[in-house]
Every structure is written in structure tokens, then in C-alpha cells.
Amino acid sequence: MRDELDKMHEECGVMGIFNGDSVVRNLAMGLYALQHRGQESAGIAVTDGEKVRVSKSMGLVANLANSGKLDNIAENGFAAIGHVRYSSTGSRTLANAQPMLVSCKWGYLAVAQNGNIINAQELRAEMESNGHIFQSTSDSEILLHEISRTKADNLPDAIRIAVKKFKGSFCLLFLTNDSMYVVRDGFGYRPLCFGKKNDSWALASESCAFDLLGVDYVRDIQPGEFLSISKDGVRSEQLIKKDRKAFCIFEFVYFARPDSKIFEQSADKIRRKMGKKLAEESPVDADIVIPCPDSSTTAAIGYSQASGIRFEIGLLRNHYVGRTFIDPSQNVREQKVKLKFNTISGVLKDKKVCLVDDSIVRGTTLKIICKMLREAGAREVHVRIASPPVRFPCSFGMDFPTPGELVANALEPKEVAKLLGVESLGYLSVDGMRECTGSPDDFCGACFDGIYPENGEA
Amino acid sequence: MRDELDKMHEECGVMGIFNGDSVVRNLAMGLYALQHRGQESAGIAVTDGEKVRVSKSMGLVANLANSGKLDNIAENGFAAIGHVRYSSTGSRTLANAQPMLVSCKWGYLAVAQNGNIINAQELRAEMESNGHIFQSTSDSEILLHEISRTKADNLPDAIRIAVKKFKGSFCLLFLTNDSMYVVRDGFGYRPLCFGKKNDSWALASESCAFDLLGVDYVRDIQPGEFLSISKDGVRSEQLIKKDRKAFCIFEFVYFARPDSKIFEQSADKIRRKMGKKLAEESPVDADIVIPCPDSSTTAAIGYSQASGIRFEIGLLRNHYVGRTFIDPSQNVREQKVKLKFNTISGVLKDKKVCLVDDSIVRGTTLKIICKMLREAGAREVHVRIASPPVRFPCSFGMDFPTPGELVANALEPKEVAKLLGVESLGYLSVDGMRECTGSPDDFCGACFDGIYPENGEA
Amino acid sequence: MRDELDKMHEECGVMGIFNGDSVVRNLAMGLYALQHRGQESAGIAVTDGEKVRVSKSMGLVANLANSGKLDNIAENGFAAIGHVRYSSTGSRTLANAQPMLVSCKWGYLAVAQNGNIINAQELRAEMESNGHIFQSTSDSEILLHEISRTKADNLPDAIRIAVKKFKGSFCLLFLTNDSMYVVRDGFGYRPLCFGKKNDSWALASESCAFDLLGVDYVRDIQPGEFLSISKDGVRSEQLIKKDRKAFCIFEFVYFARPDSKIFEQSADKIRRKMGKKLAEESPVDADIVIPCPDSSTTAAIGYSQASGIRFEIGLLRNHYVGRTFIDPSQNVREQKVKLKFNTISGVLKDKKVCLVDDSIVRGTTLKIICKMLREAGAREVHVRIASPPVRFPCSFGMDFPTPGELVANALEPKEVAKLLGVESLGYLSVDGMRECTGSPDDFCGACFDGIYPENGEA
Amino acid sequence: MRDELDKMHEECGVMGIFNGDSVVRNLAMGLYALQHRGQESAGIAVTDGEKVRVSKSMGLVANLANSGKLDNIAENGFAAIGHVRYSSTGSRTLANAQPMLVSCKWGYLAVAQNGNIINAQELRAEMESNGHIFQSTSDSEILLHEISRTKADNLPDAIRIAVKKFKGSFCLLFLTNDSMYVVRDGFGYRPLCFGKKNDSWALASESCAFDLLGVDYVRDIQPGEFLSISKDGVRSEQLIKKDRKAFCIFEFVYFARPDSKIFEQSADKIRRKMGKKLAEESPVDADIVIPCPDSSTTAAIGYSQASGIRFEIGLLRNHYVGRTFIDPSQNVREQKVKLKFNTISGVLKDKKVCLVDDSIVRGTTLKIICKMLREAGAREVHVRIASPPVRFPCSFGMDFPTPGELVANALEPKEVAKLLGVESLGYLSVDGMRECTGSPDDFCGACFDGIYPENGEA
């Protein structure tokens, strides 16, 4: 659903629970809260102390939960890890669904991963030449091979050794018969929260997964941190050291759910600040401010509050989607957008409308929406984007548009406005955006400014 | 999904298209826009001039559209009627799905109905005693029997005679090999819109189904109007005469999509007026106004604008639902609500919160939401309902709660506030609500005031 | 499966059980034994004394049984009727599946029918003109209308009156809240057995359904007999009187399972006699006799025993069928046949082979089989058919080939042999066939001799 | 289906096609002919010259063929290997379905295997300790690891080296982008046939897969032979040398389809000889000889011919099975058997019956059948088994009954007869059985005589 809306794509959500009742059921509910991070497949691996079992399905968490498969693995489970996956076309197979479970010299080992390993293919090629075989195209399989083939004496050491070979973004949850291990890459690209409820520990990409379960957010897993959890308790160490942080700023722009705390701050608060900053940097003469639902509502409220222009709901999302059913003919994209968005002409009629969107990638959907606003009677349409123009590829984005597809790559705002058929277009500045985060230098904004943290390394 | 949220229930949406290309495909898209009126089953009947064929599925329109069944009936179709159904437990079978198609002395005859026949069982009993047989528990089957057994010389006359025997609310679309017939009951309880695009005619419960297809809204079908559509054109007559109108006011309160025009007015506009009126009648000392998403957003914006209290989004809906997957154990309802709603604590923390909801039926969901707001840090919670207390059964509501279940039936607002655990509770008055419609006397508000239009009859 | 083999088609099997434990489960098993009589759909209607409920599925009885639907209706069921359906293309819809259940002035009424009403369309047209509506193309719906609209004081009388209007073949099982009614047409075209086990009564198209359940065969329901079964016991009467019997001889030729007793005789015994008679009438100079499996085995054994020619298995059936998966291209039919039949060349090599088949309709499959025998090394192939040439349409066969398709219609045996590419072809004579039944005049052999019993009526 | 009948179990069938049109479709049809060798899962791997793709499904070949998945991989395919799998409970997962496809240093490599590696776990443990990971419990994954990790310069050499480490029975088909490799173990336990049609080559566990496709049987792949097939042609070499052959004699007793040529002889011919030999060794005073269908028919005909006792069909199999639907209650096994077998009492009544079965394992099904024969009126029942008592575990049989379950393990024939409730029981002798094969010393009959060929090795 999300990908049809011409947005940037997240690449997965992870969750883990160690100890407690109904571990599998609670994990399923936590994954449900993380569903916006990936709708292609969902999976859960669980240990009962003697073996690790895994269950995965294509599609939503609800598919997995309703398949009856979870009942088969839930019994006596005391620790579990789970995964929701978004991925690019072509690799949409169950073979690539996570968690991936293998048997190795240390017994059962499962892993769930959020992030992308930049040097994965290089490592894989080297391993193949050394006689290893691969059954999927997933980074996780490479990782598991790398861990298994170290000369370490034990699994924790093997993980310590192996992950240092990996470049890129990764939040990793490992599960064995009796333990859970957690690693976050040294830059901390992707968020990973750590929580507690009574005597059980939890990890999740976003804190919204905790709220549903009554788990208390404790702190973020630190960039480069390695955590071991067993019946004996939790041990933490700083495994990987980098000289800077590089949190993905797009998590605040669009990815994270507004009610989540990530990177130790509320997504909603930062997003609202971005809306306010946008109002400062790019004011408009308009009668009403409307969000492009649902992701831009907070930014639009911020814009409205800072500008004093009235907030309105002039566009609605239709949430009865399922698999869409439009046949591939003329006007398809337009009708797809019309199936998903409805305009409220009573609100828009004869108004000068300021439409706030969180980001702009290709601009194709936005163009149709602007046309719909005008058809509904809007006198003027002014677009304000609560982030800077996306102009550079994400080093981790498997499904990133090509530079030529990025509307902001070749065109000035005025030209984009003309393309969209609107009176004006304004972006948030890179500095303004970074400022909203409170710690401008701790973020990776490479897709906006072309500065790739990884390149700064030896 | 909707019914789990403890709301009043709509009972179906209908749509018809006569003439034009891709009739079946367009009808499916129109039904998709009406999906909020019924999610239990969907169906389409279509004629190619020689026979009428029907295709139905349980579940969403997308199920029907993706089943491949529509391809089997679409060929050469030039007129079609469709239906989305909501119904009470117990009758959730394909046998009750609509449109219902029969063969009778005038050939094929299909019908799609929105509404409820009050004297259906009485008519059925009489027909059974006269030797008729019934294969479903649907009102539509009774209707078709009644039409077929008249002594009329032709089908239009038979419809004219038969519908006069029916008491209650009904918007009826009939389809034969070559014609479409349309009837709306004399009081006009349910909405029915009439539209046009080039040389094709359309009918729909709400105008939002037209917008998607580029159909222009022409006018409402009048209460008691009988319309005949054939290749020869459209003929209208006033078939049933009542001395008043009785539009269902709950359509404005909750049922209709905000972007729809029904009863010749924009639902969004009326709903906003209700929010404003509520602010006048039941002011509050609060820091922020938040809607109970998604249905109350317009009313909350109205409340905010009239009161000058800041509008905020403090509650979110999670739309990745599918069939829910919670097992039947303790705390189920609470977890169901938590799966569907998320609080944004950054917005709520230490605030005096005014929560605006469109209506209150049992109060069970609202109670949990209020608790969640408080857990998220709200200092005070004030509930404002943009409609009066629901205190009487709807004469047409098959799935209406029993009087004992209606929280407003036995309890004063203060007592309800106590039950919900909030600082205050305020309703819109009956008069205030009626006033917002612009024509107070044209509406049925029996569920609020106990005045049943039908009783006024001889 | 069967229809692809170019055989005559049966049109349904019925079964009923009154009283006893696990009525629904036992009925499902009985239907399973009758599966060869219809694979298009299966259904069961059951009463718990207060209501009749029905469950039907497309496909095999196993589909129905595995769907979980039977659990929903089984509780407290004390009497049930069931049906397996074969039908012609075009009416393969759940709407036509049986039993059909309606509500009428006498309450719930379900019916399961084996047979074909010749004057059904005539009756339907008359009823439509009198204001009745029809939701299917099934004879059973016509029957139920006819019963409901009689002026009788009670249901048994209504059935008595209605069935007299019906011409054709019918074995009818009716189920109400508390009773079961059974009618067989006056000629007794289709078989219907009556059985008993402890205090429960059973009816079935063939006795093989009894054997599985340990039910003892009591007798056949007589042509024209009307049976009422209730908690008060069983009452029989002779309702319809005809001056002759007209059992369908094709039941013995091919339809019935060999282990069944029908028309009060063992199918296997009659079929063996036919094989012996065929050997007398149409001897052959051959090394071995082989059956065309599986239906011709008994006849081939008979032929072998009478002729003294060695019986062998030279052809095998592959029973792993499911839905077949051959794409529609050249040589399809040949490959279909090859998927289903395998030759054993060790048996056939250099032999003069006598292939015995039970009947020949179009001859298309047989032609391919004969070619396969030759490819497997048979020196000569002689075909012997244990029935006469099929030359006339069955008055009840909805799916009967057109006269032009009947290979025996235009061609002499020698010409057919040439068409099949075999050395010789021999049929059983009509008189020989009739003689094998022991009561030659009690059978309808219209498809062989063109004499239609119904025509003899006033 | 087969396993419920208390028979020994086969463990898979394999097929390969190199060159020709419609490779995937033809392979699917070939697998369909091998379906009796495994019904748990089916799969096909195919190369188009640039990549190898695989498609697998649980269940029958028809499931795979009807899933639409084959269309996705069929395009431009010029060589393919396929597999049907039988396996023990517990490993019934898609992860264990074959062919298994991996990527290794030589590119894509797929394998399909019939047989069992005795030292698999030992090899796996060693590989795990060396850092390898495993994603399934299949022998094939071990094999692929072993091949990939050799130090060989090319894939054929790697296969040559790796297979020498494997003890046990194996027929292996490997597929790469451009070649097919074939290996059969040195003893030749399992059959593997080699065929040709125009310019395409084929391999199959049994020749019946060739007949369907018009492929000519050329010869068996020899024990220990290694075959390479590429666009350049076919190269053969003798890779593994053993001092004896050890064909599985159970292939002739029960596994192979009667119309197959395996081990260079017709299964039907050997099976008939066994029946004749049995008649010599264990004569009986009976009126009729009947087979236990369908697998014993040939042996029964042999018995009848040698003894002069009349052959009859007194038992039928019901082939409308699907998943069975009996609930787990008392008498379940008996009803299961009754659902599958029907007695023909006209044949059995008052007769002294000699029932011929191909083998006896636990005896549980046979006991019920004997009881059914008696209930159908048989005066005496004599059982003759066309193989010796099964008394020792098969070294390759993963699903072999425990010694305690083998009815022949502890009991003398007379005691078994008593247990079955029959007048007499006779077996074929080990020497008699071996003699029927024409080369008694080339067969492994360890399950009958306890002599394991592998033990003879250094």
C-alpha cells in the first residue's frame, strides 16, 4: 500500500522478547504495531530451551497470526524474535523472509535484521569461493555463514568477530536455545529500543511496539552496543566504535510512527517542529492548511500553529484497501490515487489551500492529488514539503528511485511547482530540518545533502 | 472493523450504472467508495441485454474484484446494480448477500436494497401460507415474491403495486434484461443520489461513489420517487406520498463519508456545524481538542474553531487490520482497542484534553480510550459527543443494542462521566443537532428523541 | 474424472438416515461410498428437531467433510439427507447443489433428488406465469414450489399431490423438522434401497453405502412407493401405479458399483453374466482377455471364464488424478488418456488381445487405448463390448451426446472396428443383455433399443 | 494414502530431461507417472542457460502443476530435474522438499535425490564443526555442502570427490546452468533408467515415466556410473566400484509400478513369477484366488495360473480419497479400511477364498480385510503373501516400523494366521523370491534375510 504512494521505503522492523508469558502472542502484537515498517512478510522464531522453531508468512502479521502456524511453535516458548519485511520487487519470496533459522556448531541460531549490509555481495563472493553455499539472496544468510565459520570458541565471540566485517546499517537480534544477542551498527543508522516489563526484556525498532504490551521503554540500544540476554541477566558492552553517530533522519521525516520514541525522542514532536520550521522558512498566503494524510498530519498541524492559518481536513484516505484491483489500463495511476484519496469539496471550495506533505520523491502521486484539489474547487494550491528535496540515493536503500526519477534532482522548486500545476512549492531547508532534531550532527541526511557518513572512514 | 468499535451500524450501500463502458469495473470501484456502509458481502448483477448474471462474495469489494468472478459476468454488460452489505450476526451467509437474482414471469429480475422493511415478517408469513417458499432470510426475497405474484400486466406496474405494501426504509434498485427501476421509500430514510456522465446514468447511496468515477451529481432521488431507466431514457414519477420527510440523521452524525453529499448537503459541512454547536452548548476548559479518529475529525475541528482551543492529533488509528487475531482471553477488549488506537504522549502529556467523539452507544470502547489518554499523561480528560445521547432503538436497526446496553439510557451525563473515568461529559442537544441540518423537521432522530415518523401514519 | 473417459453419466446419488448416533458423520461416509454417482457437489441437510440446516460444497464429499462446515450443523442432528451431484456443464454452481432447503407454510423443508423430471420446464413456466420466482435451474426448486402451493392440509398430502404431476425418473428424499418422506417414481427408473440398523432407518441409491456403516439392506423402495418416517415409525403406501417397471439397465452395465445390490440384485453378478453372454454371442480367437479398467473387470472375468481364454491385466489406471493439468494444445486427448492408462507390455507383447469394455459411447477414448495396446506390442486387438451399441438418447440424460456423436449410431460394427483400428469388434445383443437381468421386461433399455416406457402411457 | 495401508514406504522418485520442447511440462507429466513413489511434495528445477529456478509444492504433482508456479519458471527452459518425495512424519515441510537449489562458487546448483545416505549425520556434524550452517534436515543439503567445499577445480570433479564420501543408496540428478550430472551409488540399490527421444535425454526412477512421453528406454544407469550431459553430448564413466550389486528387491515386490522396467526387467513379469512360485511353494485348497487390490493383482494372477484356481475380483478399492475425513474415535482404523476397500459378496459367498497380498508388514490392515471377507460370506480365508516375512529393518528406510511392530518378527506363520483369523497363511521363501529375479545374488533382501550388503565392505 505504502509503496504505491510514491514514498521512500523503510526496510523492516524487528522485535524481541526474553522471558514472560505468551511470548509468541505478545511478539505478534508487537510486530503488528511495527507493521508500517514492512508488509511483505512477517515471521517469528521462538525457543523453548531445547530447540528454536520458526514460522513465517508472506503478507501482513495478521496473515501469520491467523494461519494457525503460531500455535505450533508457541508452546513453552520463553524467548522470541520477530520481523516484518519490506523489500524490493524480485526478492519477494518466502526464502527471503525473516527470521532466518539455521543449525550450526553452536546449535540452533536464528537472526532478525533491520538494515542493509553494504559489503554483503563482496563477503558472499569470498565465501562462495571458499566453498560455502547460499539458498537465498538475503544478507542474513551471509551473516550467519560469517558467524559460523569464525574460529571463535563460542557464539558470542563469533558474533563479535563477524559483525566487525560488516559495513552498513544493521540492528540484529539473534536467538539461540537459551540466549538472545543484540547488536546495533556503530553509526546507529536504524533505531532500536530496549524495554522492560517485570522480569521480561524487550527490544523493538520503535517504542510503539512496547506501548501496546505495557512494556516500559528503558533506553535506546547504543550505536555499536552488543547486548547478551540470558536467564542469568543482561550484559552490555561497547563492541563497535565510530567517531560519530548517523541516525537516519528519514525516520523522523516519514518512516516512524508518530507515537513512537526513536533515537530517544518523540517522532511526533520532531515532526511538529519540522512543520513549524517550514512555516518560518516558507510562509504562504493561504486560507487553510491541509495535510496529505495520514503521514503529514503532525507537520501540517505544526505549520498551522506557526503560521496561524486554519488547519483543515480536506483530503481523506480510504483504508479499505486489501489488494487493489485496478486492471492495467489507461489512467490507472490516477484512478489508484482516487481510490485512496478523497477530497472534501466543502472544505476546499474557493479556498487558497496550503497542502503540507512530509516528503517528495517522484512527485507522481502528489501531482494527481493537486489536480484533485483543484477539481474540488480550490482556488489556489500551495505545496509545502516538511523536508528538503530528496536528491541523492540512500546507500542502504535497495528500492531507491534512480536519480532520474527524483523530481528534485534536476528541477528547481519553481519548475517542480509548474510540473505539479500549483501556485507555489516550498521545502524545508537541510539546516532547518537538522536543527529540529536538537542534535543536527548526529544524523545522516545523505539523501538530502549527499554527505555519506561511511565515507568518512579509513 | 467498524462494529468492534462500538458504533451504530449502517445497513448497506447500493449503486447502479446504466449505459457506458466497463460497467462492471466502474460499479466495483463505486462500491469500493461505499465500502464503509457494509463489509460483510459485496455483489454485482449485470445485464448484457439477453440475460442478467450475478456475482457475489463474502467480505470486501476487493475480495469480489480479486476473485476473478467479475470477468465472467462483465462481457457486454451495459447496465448493472451492486450492493455492499452489513448485517447482524447469524445471517452472515452468502444466501443473504445481494443483489438477489430470480427468474419470474417477466424474465430475469435482480434487486439491490438499502433499508429495512418493518412488516417483512408479516408479509412473508402471509405468502408462506399462500404456498410460497423462501430460501433466505433476506427482505429482498420477500419483495421479489410480492412483485412476481401481483396481477399486474407488466413489471413496472408490479413494482408500483408491490412496494406500496412495504413499510419501512428502502432504496431499491431493480435490474432486468433491458431496464433499471429505482424506488425510494416515502419518508426518504436512506439517502440515494442520482448522477450522470455523458450518456450513462448512475445511482448511489452516497455521492462519494460518483466522484471516483467522474460522474456528476444531478440530484437526490426524491422520497417516494419511482424512476425507470431504459435505452429510451429516464422517466420519473411520484409513486408514494407521505406528509413529511424523515431523513436518517445518523447519516450525518456518523454513517456517511465526510466527502459525500447526501440529503442534498455535504456531510462534512453538517458535521462541522455539529462540532461548532457542541462547543457552544457544552464548552470546556481544556488545552487541546483531539478527535477520536477517524470519524470524529470534522466535528473536532468544528469544536476547536468555535472554542478557540487548539486542535491536535493525540490519538491514531492503526489501519493494518485484516481479520484481527486476538485470542479470547482476559483483557481482550482492552487489547483490541489498543491494537487499533495509539496515543501520542508528547501531545497529551500534562494537558487538559477535550476528546470529541461523534456518538456514544455502549461506551465500552470510549472508556478504554479515556484510560489510554490518562496513561499517556493527560492531566484531565473531558469528553464531548457531537450528537445527543442514544436512548431509543432504531426501528430499522437490526443490530441495535438492547436498551440496557445503551449507556445513555439509564445514566445521567455525570454518571456516564464517572463510568468513563473522565472529568466531564457533554452532549449535543437534540434541537442543536437538528438545527445544524438546516431543515430540522425533515429528519428522523428517533434513536435520540423516540419520535418515530412511521407512527404518525394512518 | 469419469466424464473425461467418454462414458455415460449418472445423475446423482442420494442417502438418508433417520435416528441414531453421529447422523451427519455417518451420512458423509455413506455419500463417500456413493461418490462414483456424482463428483460435482455434495451436500447434507440435517434436523435437530427444531430446525433443518444444510451444508454444501462444490467437489467431492471429502471437500465437504474437510471444510469444517459439517461440524456447524451436526449437533443434535437425528435425521439427515444427503446428495452427490453430477451435472452438465453450465449448471455447475453451488446454487444448483443439493439438498435444497426452503422455508414454507409447513416449516423447513429440504429435498434431495436423483433423477430427471421430463416436464419440469413446462411446470416451471406455468408457475412463473402464476407469480412464482426461481433462483436456480434445478428441478428440485420446481418440485418444492409445486408442493408448497398445493391446497393440501398437510405436507404429506402436499407431496402426494405434487409428485403426481411429475413425469420422469425420481427418487426423492424429503426432510422436515421431525420427519422424512421418500418417493420413488412409478417406473422405478433409478434404484433406491431401504435399510435398518438397530433403531435407525436408512435409504441409499446403492446398497454399498449401507455396507460401510453396517446397515442391513432390508428391501428396495418399490416403484411408486411413498414412505413416511418419524419417531412414530415407518409407514408405506403405494402412491403411484404404473403397469410396468422400467429399471435403468445402464445401472447394471456401468453406473452402479459392482459391490452394490440394486434392483434387488448384485450388480457384480449381472455384469459377470453379461461378460459370459458376450463370450457366447461374440467369441474371439485370442490369447488373452483384458479389461478396460476399472469398470469392465467383472465383465472381462466373465468373458474369460466362459471362453476359456486367459484373463490378464494389460492396462492399468493411474488414480493420482486430482484436477488434471494438461494445457489445451495438440494431442491433448491422447495425453490425457495416457496419463490415466498405462499398458503393461510384458503382458501384451506379441499377443492376440481381446479387450473387454462395458460400453461404448463416442469411442474416442477407446480408440486411443487400442492404439496404446498396439504400441505395447499387441499383435491383434479385438474389442468386445459387454452391452449393445448405444444408439438413442436417454430421455433423462441431461448430458447425453448428440446422436451424431454416438459412434454406433451411423456405423456398423465393422466400420467401428476400422475406426478404432482393431481386428474385430463385437457387442452384446439387446436380448442377450436383457436376459442377463433375469427379468428382461422390467428394464428400460431405451438408449439401446429406442423403446421409451413413458411413451406407453395414456 | 499408501501409508495408511500399512505397506513399506518408498522414498522418492526422480526424473530429468535434457533438451527438447516444453521441458517443464513434460517433466511434470513424468513426475505424475512416478507419483506412487512419493506424495508428500513435488518439485522441479529448470535452467534456461542463464539461471536455475525451482518451484516446489507440498502434496501431489497436480498441486504443483495447478498452482501456476510452473509457468513462472518454464520459459526458455531446456533442461530440468524433478522430484516426488515420500518422507516420515516430522520432516513434512517445504524446506525439505526437493530439488534443492543453491548458489555456490560454480554458480547455480540444484539436486534431486532418491535414496538415503547412511553416514549423513556424521558428515553433517563434521561440517558444522567446520563452520557450515544447515537450513533443513535433508541429506541433499549435506551433499551440496560437501560438493561446494571440495578443493576441486570444477564442478564435475567436485561431485566425483564428494559422492565417494557418501555411504548408502543414492540416485542423484544435478542441474547447473548448462549441464546435468547423474550419479548412482555403487551397489545400485535404487533403480535409475536412461532414455532418449530425438535429441533429448531423459532419466527416471522407473521407465513408466518414459512411456507417457514417448521416450525410448535405452538402458539402466549402472551402479557407480557417473554421467555428464551437456549441449556437447553425453559422457559416461564408472566412478564408484563395488564387488557386487544390491538392487532393492522390494522394488519388485511392491514399490515399482507393474508397467515399469527397472533393474532391466519388467516389474510385472517378476511379480507374476513370484505369484506362480508362491503357488508352488504354498498351495492351497480354495475355490477362488483374489488379489488384495491394487498392488497384488499381478501376483494373484500368477498364483491363479500356476494353481489352476479361478481368479476373481472379490475386493475393490475406492479411489475417491482426497484427504480422509474420519474423526479420531473408536473403530477408526476399521472404518478407514472399510472406506478404502469394498467386498463383493456375490463373489465371496460360501467360497473358500485364497487372498494374495504382495507383502505383510504390521498386518493391521490385512486383519481387517480378512474379517470383511468373512462378513461377506467367505467360508474359508487363506492368505498367501508373495514375499517372505519382513523381519529386519531396512538400513535406508527412515520410516520403517520398529522390529516389535513387524508381525512376522516374533510370530510363526501359524500364529500370524491365528492373529489374522484365517484358516492358513503362506509366504514365499527367500530363495524362491530371489530365484524369480533371474539373478538372485544381485539383490538386497536385507529386510527379509538380514544380510546387509554394505557390511561386506572394508
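Each chain carries a letter (A, B, C and D) given by its place in the written order, and its residues are counted from 1.
Definition applied: a contact is a pair of C-beta atoms (placed from the backbone, for glycine too) under 8 Å apart; a residue touches a chain by one contact, two chains touch by 3 or more.
Remember, it's a predicted structure, so these values are computed and weren't measured experimentally.
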Least hop count linking subunit B to subunit D through chains in contact: 2
Far-end chain from subunit B, centres as C-alpha averages: D
Distance from subunit D to subunit A - Cα centre to Cα centre, in angstrom: 50
Separation of mean Cα positions, subunit B and subunit A [Å, integer]: 36
Distance from subunit C to subunit A - Cα centre to Cα centre, in angstrom: 62
For subunit B paired with subunit C, centre-to-centre distance based on mean C-alpha positions, whole Å: 50
Overlap residues in subunit A, where contacts from two or more other chains coincide: none
Arrangement of touching chains [line / ring / star / complete / other]: ring
Contact pairs between chains, per stated definition: A-B, A-D, B-C, C-D
Sites on subunit D touched by subunit A in the complex: 100-105, 109, 128-135, 144-145, 148-150
Interfacial residue positions of subunit C with respect to subunit D in the complex: 25, 28-29, 32-33, 35-36, 39, 60-63, 65-66, 208, 211-212, 257-259, 266, 268-269, 294, 297-298, 301, 305, 310-313, 316-327, 335, 338-339, 342-347
